[in-house]
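Structure provided below as structure tokens; questions to follow.
As written, the chain order gives the labels A, B, C and D, with residue 1 at the start of each chain.
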């Protein structure tokens, strides 16, 4: 399926950084979903560079919905979102054609596309494409919220500094998601936030970059969503999340950290909470046997340090086939993790919408709760 | 796609632990692949319980290939593999119907299948199903080996003890894979092996269980395999790997561990190695922008502690809807990580075969190198 | 997807005519569907050769369900059906390896599978594989019937003789379907039936074969099922029906016959029938814009004359690459159209189940009406 | 997959007749295909209304490619084509909201989309969407031509008048395809052309409409393309072709017409033609067992009479739920079959590209012959 994701709700991405436009098509979304353009703009804003820790480069994310919405409501037919690219000066890029930027896709794109790729600004691999993903995801998120399903992401760890975690209580997680939705720098604890910003600035002042760990939570998903093999909830979510440039790890619940625990500690004991079933701990991250169990779905993703840095780097010239040294000009983000958060929310929302539509049918998401 | 995986080479799993048989269908494999039944049996052997650290329960994994192979060679049509289940005494299970085993899929299966699921022995969620996956994967692995593509997995970490890692050199990794293919307990360093066995035995003597981290390597994949968005090599491999019961995390290259590194350390510098391009480090795990770069593909997976333990556990009776305490009778593995290794190899092989067939066509895998 | 069909309810076929077994896996069927083994046997019986107009060759269609059913009810996990092949004397076939049977897949299979195909008895292309399809389809049909959706097929035309058509009234069509379900030779009008049998016998006595047209009807499908582009109800049904060996045409409603009509005659005028909407005629075959409109879905399929005939035929030897003459030994059906009817019902049922599960979710089919 | 088609080369359609734009995304096309914008414009021209037998309504089909093409060559990433809609006066449509046009999708769209559909001008069901399909198909056609694969369509039958058929000789068919590519009114025989135009004008002067049969041929496809079950060449092509609004039947080779033939007449005898294998007749339409056999692929499609006519028609008001009479204002095509020809070529090309990419890999189509 290549640049598409989903079985029942399908998103397709297109566009290059320096082409006329980027965009996304979402197919399979129910008719009757109110499309709140301010909500989408708000989510796009969260992805944009802001303040000292991001590049000053101006990105216009003025999106247009050119199909699938009528009178402000989804029609049920494919929704195409277009984000035009501002005029680009391609000449800026011609000089650097040959030198593969380490950590980027320049070399692998050249191998895959035999040199026909639009390499300017990363082309189809550019982080800019995620703007279209965020816009598409915003439509999915807003539909999910109408059904009481909430998604949020924060920086859990970076440069040795940790934020408060989401925890195991559905109501509490929902509240934290609400708080995060208003924050441009997605950190729950304000002290941690300053320290985290400081760590990013420190990397910046070294002409270097820094990565970290995001924690994403989903609350409100009914029990029983996911498949026992292959289309496990973990498998489908990880598949979607690994699309995000720079994500190199995905874990659920206890993940890699809890692996020294014994089974008696790791197993999440069930108990009755009124009529509902809950678990005392949530090391399984809300998923047993690939299927949602009613607890918060807790996902951690590893975001590698931004590969574009000011320092000179050893590399090869892929056209000439010889060693060279590269200094990347222009403005670079010392960290993108705070911006990736909006993308993590978006792909999670799209994947969850798809799983729900497969389980409950195409119209369920738009039916009154 | 539910219990199937793949676009061009597709595997479908079926069966329940206590039904007549389990099995797998592989569709889309090239005609002309020699099917080595000993090789398959050998891989199944690696998944079987052995020695003190595994259950004494006897599992017969006598498989039969009932289609798609003629004169010992794949025909190109679907290959169906059947592994009959030994006679089971279902009565053993009726008493425990209601109490959901913590960490298992009993509760979520009940929610998803409304009580119609064959719950005996975990039913369709049973680890036993992975025997079919290993058999299917063995066919894929053997085809890949003919093309110079090798896959191997070892225990990287468990109970605070670490094994030697694969490292970054293709030839070296291939050698280690070769060594591992002969080991029932998949650990490279023999000292580490004894300590790791000791840690498992310690958990066993406490009536408890233990998890750990597997490291899987793939060498020999051509550059340029994978898609920029969604069907990234990471996304597809993670999707497949999360199918394995007990896997709660998947990371590539540096993953979660390297996140305190700066970009200048994390970026893998390219250099010319003769006519080929290599990277000095391999923090990106052989994948840039979702596409293979010619370095070893390095994957780590987090295997949670086996949920079946001897200790009494708090849980709920899902039929009665009330709290209860469960003591799981029978024999349990204190660790499955050394057996999961065969499953990790298998799903990796199937996913890689699929990606290659999409890229180079259905027959490529059987063409002489 | 190759030998699989469906998005939400997926059927996969495997097996060769002279291998150990043939079979099918159905994945995605709801839990809680009663599996009536007599019903399946009955449908298999309709596909079997009977009487003078079919071959005397004995085919044992003793099927076994080896997964996905527990206590006589679907569990919601993949259902694997196996039909073992009787002991075959492969030696019968070695002599005829080279001569491609005209109208059969011998030559194209050789091109596709490079000679590795199991050519004996047609291998994976054998009409025998349809037995597995009929068994799988019977499970789907029986689930559909519980929801008031009925499917039936009869011989509409053969050798210049026509049967009564289904007509445009839902209740009337349902009655005709009920009548057909009891008939081994699927013809509504008894006079026509004798004439049609006569025409087949005439072809047989010439050592020749004969084809014809099947008419399939589906009643009871809710309005609003199907997609505007690509996954139109017509497109999905035709895709499935063209799998049946020997089908060379598929048309809906008026199809090719009504093409000399003007728009004013062809358009189906809507009218209110109580609270419901009906059309006066049904030239669109129950489908407008790719979507069901509540009228009977009417499909005609063209079944070509059975390619195996007694007459000597000019052909090529694909191994030697030279012209030759072939006389096909053994017993051949002078017509298979009356047996294909069971296959047409089966694939229609599977395709309809899939479309409904996509629209209304996986469990809908098993929910009480 | 809904509004998408394909496994390896995937096309997705979006847009509504009176929305801002319509368009298509093609994903999976090889890098390095020259994109000839004149060629695309030429194909779009063939779909446009011309002369007396088509509406005088002006449709601007000015398309823009906004991704996936760089320096006039495909990059291998998704190609998004946008065709903006001219300013529309929506008010023209509000009066007719309720009355379902017979033969159109108004009623079924209302059932499927619960009234949220953009109904203006047929919305997402409008024939206008096929312009995007023709543009996408033109890219596929032009790539196929580089590989020596040619596709063409003409009116085979209409109002009792027949055109010359393609016949069974590859070279001859290729020549006819070449001739047709230059004709706005796609008829091989010039006498037949005048009569066919006359028949359309006769329908027009009655305020009525007329349908007919298209014949499409594909030459140059290698032997061995297609799958034995489900993804048969017939099944995949029919699936794609039934997307075209107004297509109610698809047949291959002899189809419905040859059904009174005996097997001895219908079977296509093989013979050696130099080193190649040919068949004397082509009743199987170039396909045996679902797989291409090297003969021309011959497809006939039944195009129903255009449903929009000037005559008053009985129908229902779907909002009010009562009977009504509808007179459709504006300008209507008395026939669309000559324009549908460009759409038949386009979807055939897209489906063939997809089958070839699955078989030979993603890059094959762009490799020099």
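In this text, a contact is a pair of C-beta atoms (placed from the backbone, for glycine too) under 8 Å apart; a residue touches a chain by one contact, two chains touch by 3 or more.
Bear in mind the structure is a predicted one, so any value in this text is a computation, not a measurement.
**Student:** For subunit A superposed on subunit C via Cα atoms, how large is the rotation, as a multiple of 5°?
**Tutor:** Rotating subunit A by 180 degrees superposes it on subunit C.
**Student:** Tell me which has more C-beta contacts between its two chains, A-D or C-D.
**Tutor:** The comparison resolves to C-D.
**Student:** Centre to centre, by mean C-alpha position, how many angstrom separate subunit B and subunit D?
**Tutor:** Using C-alpha averages as centres, the distance is 45 Å.
**Student:** I'd like the Å distance between the centres of subunit A and subunit D, where a centre is the mean of that chain's Cα atoms.
**Tutor:** Roughly 38 Å, centre to centre.
**Student:** Quick one: report the Å distance separating subunit C from subunit D, using the average Cα coordinate of each chain.
**Tutor:** 26
**Student:** When you check subunit D against every other chain, which residues touch at least two of them?
**Tutor:** Where subunit D meets two or more other chains at a single residue, that happens at 1-4, 7, 13, 77, 112, 124, 228, 363.
**Student:** Under the touch definition given earlier, write down the residues of subunit A that touch subunit C in their complex.
**Tutor:** 7-8, 77, 228, 358-364
**Student:** Write out the stretch or stretches of subunit A touching subunit D in their complex.
**Tutor:** Per the stated touch rule, the residues are 1-4, 10, 12-16, 19-23, 25, 27-28, 31-32, 64, 66-68, 70, 73-80, 82, 112-114, 116-118, 123-124, 363.
**Student:** Would you mind writing out the residues of subunit B in touch with subunit A in their complex?
**Tutor:** Against subunit A, the touching part of subunit B is residues 1-5, 7, 13, 100, 102-105, 107-109, 111-112, 124-125, 129, 157-160, 203, 206, 208-213, 223-232, 234-236, 238-243, 245, 247-256, 258-272, 275, 277, 279-280, 283-285, 287-294, 300, 302-309, 311, 313-316, 318, 321-323.
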